[in-house]
Amino acid sequence: MKNTLLTSAAAGAMLAVGLSSSALAGSHATDLTLCWAAWDPANALIELGRDFEEASGHSMNYEFVPWTSFADRMLNELNSGGQLCDLMIGDSQWIGGGAENGHYVKLNDFFDANAIDMADFIPATVTGYAEWPKNTPNYYALPAFGDVVGWTYRKDWFERPALQAEFMETYGYALGVPESLEQLADIAKFFQGRDIDGTTVYGAAIYTERGSEGITMGVTNWLYNYGFEYENPAQPYDVDGFVNSAGAVAGLEAYRDLYENATPPGSSNWYMGENIDAYRSGQVAMQMNFAFIWPGVEADENVGGGKSGYFPNPAGPAGQYAQLGGQGISVVAYSEKQDAALEYIKWFAQPEIQARWWELGGYSALSAVVEDPGFASSQPYAQTFLDSMAIVKDFWAEPAYADLLIPMQERMHNYVVAGDGSAQEALDGLVRDWIEVFEDEGKL
Amino acid sequence: MTTSPIQKVAQSTPDGVAKKIRGLSDRTIAWIFVAPTIFLLLAVNIFPLIWTIRLSFTNFRVNRPNKDVEWVGLRNYERILNDPDIWETMQATAHFLLWTITLQVLIGFLLAFLINKKFRGNDLWTTIIVFPMMLSPAVVGNFWTFLYQPQIGLFNYVIAFFTGVDPASFSMIGDVHLAPWAIIIADTWMWTPFVMLICLAGLRSIPDSIYEAAECDRASKWRQFWTITIPMALPFLMLAVLFRGIENFKMFDLVVQLTGGGPGNTTTLTSIDLKREAFEKWRTGYSSAYAVILFVTVFGLASIYVKALNKVKER
Amino acid sequence: MSFSVTEPTNGTKWFAGLLVVAYAIITLVPLLWIIATGFKSPTDSIAYPPVVVFEPTLEGYVNLFTDRTRATDDMIEAAGPPETWYDEIARSRGTVITGPSRYGERFLNSVIIGFGSTFLCMVLGTAAAYAFSRFRVPLKDDLLFFILSTRMMPPIAVSIPIFLMFRNLGLNDTHLGMILLYTAVNLSLSVWLLKGFIDEIPMEYEEAALIDGYTRFQAFYKVVLPQAATGIASTAIFCLIFAWNEYAFAVLLTSGTAQTAPPFIPNIIGVNGKDWPAVAAGATIFLVPVMVFTVLLRKHLLRGITFGAVRK
């Protein structure tokens, strides 16, 4: 009996100690979980985050999900009110749903209280990653990673005199960084099937992937520059005649022409990873890809070290735009550790942390970092990044963005890759699908 | 079924003694033994199925928690059955099923037949042949995309080596005509061993005495094959078809990793389409109706098939 | 072995053996390619055209088990000289190891969930199969078909309600939830298989035991279970292969804590795009346990697949 009493007393004491220490832990050190895509910059963020762990005493856990299932998994998490993530570096198009469905915490008060000013960030990233509704000062994220579709090319091949001479003869202008999408197509076709150092190489690796968002992120670079508009500038959600305008049709046809005539065989379901593989293994002269890959290209043993050059998406007949990528960092509304999560954002927003972020390979969206006089020359691709960020355009960021993306993926992939129907039919079909979504949403 | 000997024993024993001998009544034991299984199946399979059926009459969407859920009657079903795209995916599924089953049964049976010749080392080689089916289908699908890449994969180079065509001249997963075959080849590679094992079991279950009797009747080997081997192994073949049929009707992981349903919709099998509706478009009600239709289809086909199988067994 | 008229001639054996070995070699090529890729450098793995002869490296395995980040000069300096061979491999790529990867956890999850569900499935399945084989269960044939029919459902079809149900019960992304789920999916197969095996065990054994004064339970585990051991072993192989490799449920229902390896392996990302050697290394290691299990139990494999249901 005595024994039992003793044990229970001891257990009680231990419990009390346990409780008090965990209560203490609650107010001081917290386990934060940050969710993002599993890719190269995420590794850099872990490295960067060590400083936060030291400074704050909180410890960081990371949940990184591969791009192809990133949206599925994370939206699933948000929609189910899950508490896995305290901080979410969600894709730019999620911001509408995050705000309207209450997944993300509104950050205006927090920004005001901590003197974080959105005017200090690259304007395109603020609009793209943080605002909802767009172009209103309602912030649900801090721009975390600036990203944009751009081009990588084999400078070493482009500079070969024999090729330059032959190109000049065929096309009547010098082989170099293309000034327009037409020139890009010329160059790609020039390289297609060419024998370089004993292997057959191809023109360009472009996005064709169907399962997530690949082909949309690729084809829009043509559509925008040929005159595609998401909606009537004068009347929101009025898509007919803008999405399927004559310019848009021409742009889509040009993209298909490129796919048919200047891409590697079998590149029917390619996105970031496949394009990188194709480029690194020396299959292609150019690749379309998000800017995040550029540090990796520079460091690559086959194509790095000056063999590669970079250029922003070239202009088309209707202007020069590039598809925006990148993400903002948000606090998840279902998290019970929002205070610590906000602390992280406050830490992350500091200029010196942002500068370090760039150094580690993360594309900072802070103007002070990219406007630094040394920035443009800090890396071979830095200037291209700046130029590209100046011409960005993004896909819909509506709460229903996924519903808008899926028909786009299907229509574009089926036309470009499988050759179903005509470009006009594909875009007309897309208009019908989008109108249906907007009607379901009560926007029309 | 006749009364089992045990029951006879039980019946002939006075009640009190029976209780002592058996501890618990058979009925209770049967109940204890079956209940956990039935309970688990009810909880994890049947309850969700009923829930799915319920959802299929609504416009519920998991990603719109704040929206009111409305009953929409049969509208989801109408929309699905009138959607030409769904018939396309059904066709793709049928093509996939037909060819995977045909190839796997032919190759699997042939292999089993050869292995049953009991050459030296047949055990070892059987084990080796079985390896592919132990891989994860998702990993297999993933690796076959790699093997099928015309530039960096092995497949095209091997074909080129044997046929002399240019490896870059065709693309298994990029071509709308070849992609349906690409998934069939990968699935056949992976699952032929499974069919082979079933067939081998079937062949080994045929008693030697039957062949010996046929030999005495001077029946030719060819005749023995058609009058003994095939009929005796048929129930096993049919079982192989049933299991592969059910599994491939549900096919998701291998194909989604291999082609993602493309190019176009050429390899969009029903499960892939369903996953898009349910977890990308988040049309929960609609996709529930879709799921119910699929389930009814496979359930109906399987019931008919199992009846036929039972008939063959009874012969 | 006595020669009978049914024994194939030596010529036939040779011919059959030749064909089977040829098939085995062809079928092994993709598998060997996976294993070989695990020992290639990232550059060799995507070489254009593909290389068959290469200098083997353990880089894929290092990358599989570690997280790395591209290092700036000051980081390399701060880290000092490489201390281990794997540090050295990472450094040679201009990266530093930042910690262990999640692969170990995912693998462990697979072990817990795969073997856990296989064990549970054998316990429940054997009991149910015994009852179906020996007792008059009301609506037996219907119940058996019902059990089989649960396997016909595409996982995607029931995953939404399962997802919602698990969420309400707090089973989402837990080992227990996945064990229960895989057990339920495998039960149909195991009940059908095991019933076949138990049907084959003569009832006389149990009768004798019962008359000797054993209770039903004793008769079950002292007489029936040992007799059914091979059947149970072979059924276990099939349950394990399924649970070990399952993808659709795993990808939809698990994330941080209980995710198994199959959704993880195909998406291992290196510092520069997809890390094929690490993916291959992950697949190779993942194949080993189930391969060993199968090779150990290979004698029972054939019996397992007879699906006793057909036997009678």
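A, B and C label the chains in the order they appear, each numbered from 1.
Note that contacts are C-beta pairs under 8 Å (C-beta built on N, C-alpha and C of every residue); 3 or more make two chains touch, one makes a residue touch a chain.
Predicted model, so just to flag it, every value in this text is computed and none were measured.
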| item | value |
| --- | --- |
| Chain contact topology (line, ring, star, complete or other) | complete |
| Chain occupying the most central position, where position means C-alpha average | C |
| Comparison of A-B and B-C (more C-beta pairs in contact) | B-C |
| Intercentroid distance (Cα basis), chain C paired with chain A, Å | 36 |
| Euclidean distance of C-alpha centroids - chain B vs chain C, Å | 17 |
| Where chain A and chain B are represented by their mean Cα positions, the distance between them in whole Å | 39 |
| Per-residue multi-chain contacts in chain B, two or more chains | 62, 151-152, 279 |
| Numbers and ranges of chain C residues touching at least 2 other chains | 46-49, 252, 263, 276 |
| Multi-partner residues of chain A (each touching 2 or more other chains) | 76, 80, 277, 281, 283 |
| Of all residues in chain B, those that touch chain A in their complex | 62-66, 145, 148-152, 168-176, 179, 256, 259-266, 276, 279-282 |
| Touch list for chain B against partner chain C, complex | 4-7, 9, 21-24, 26-27, 29-30, 32-34, 36-38, 40-41, 43-49, 51-52, 55, 62, 107, 111, 114-115, 117-123, 125-139, 141-144, 146-147, 151-154, 157-158, 167, 189, 192-194, 197-198, 200-202, 204-205, 208, 211-212, 215, 235-236, 239, 246, 249-250, 252-253, 257, 270-271, 274-275, 278-279, 284, 287-288, 291-292, 294-295, 298-299, 302-303, 306, 309, 313 |
| Contacting residues of chain C [partner chain A, same complex] | 43, 46-49, 67-70, 72, 75, 94, 98-99, 163, 167, 172-173, 251-252, 255-256, 263, 267, 269, 271-274, 276 |
| Chain C residues within the chain B interface of the complex | 4-8, 12-14, 16-17, 19-21, 23-24, 27-31, 33-34, 37, 46-50, 124-125, 127-128, 130-132, 134-137, 143, 145-162, 164-165, 180-181, 183-185, 187-188, 191, 203-204, 206-207, 210-211, 213, 215-217, 241, 244-245, 247-248, 252, 261-263, 265-266, 276, 279-280, 283, 286-287, 290-291, 294-295, 298, 301-303, 305-307, 309-312 |
| Residue ranges of chain A in contact with chain C within the complex | 33, 38-40, 43-44, 46-47, 61, 63, 65-66, 68-69, 73, 76-77, 80, 82, 84, 199, 272-274, 276-277, 280-283, 293, 295-297, 299-302, 359-361 |
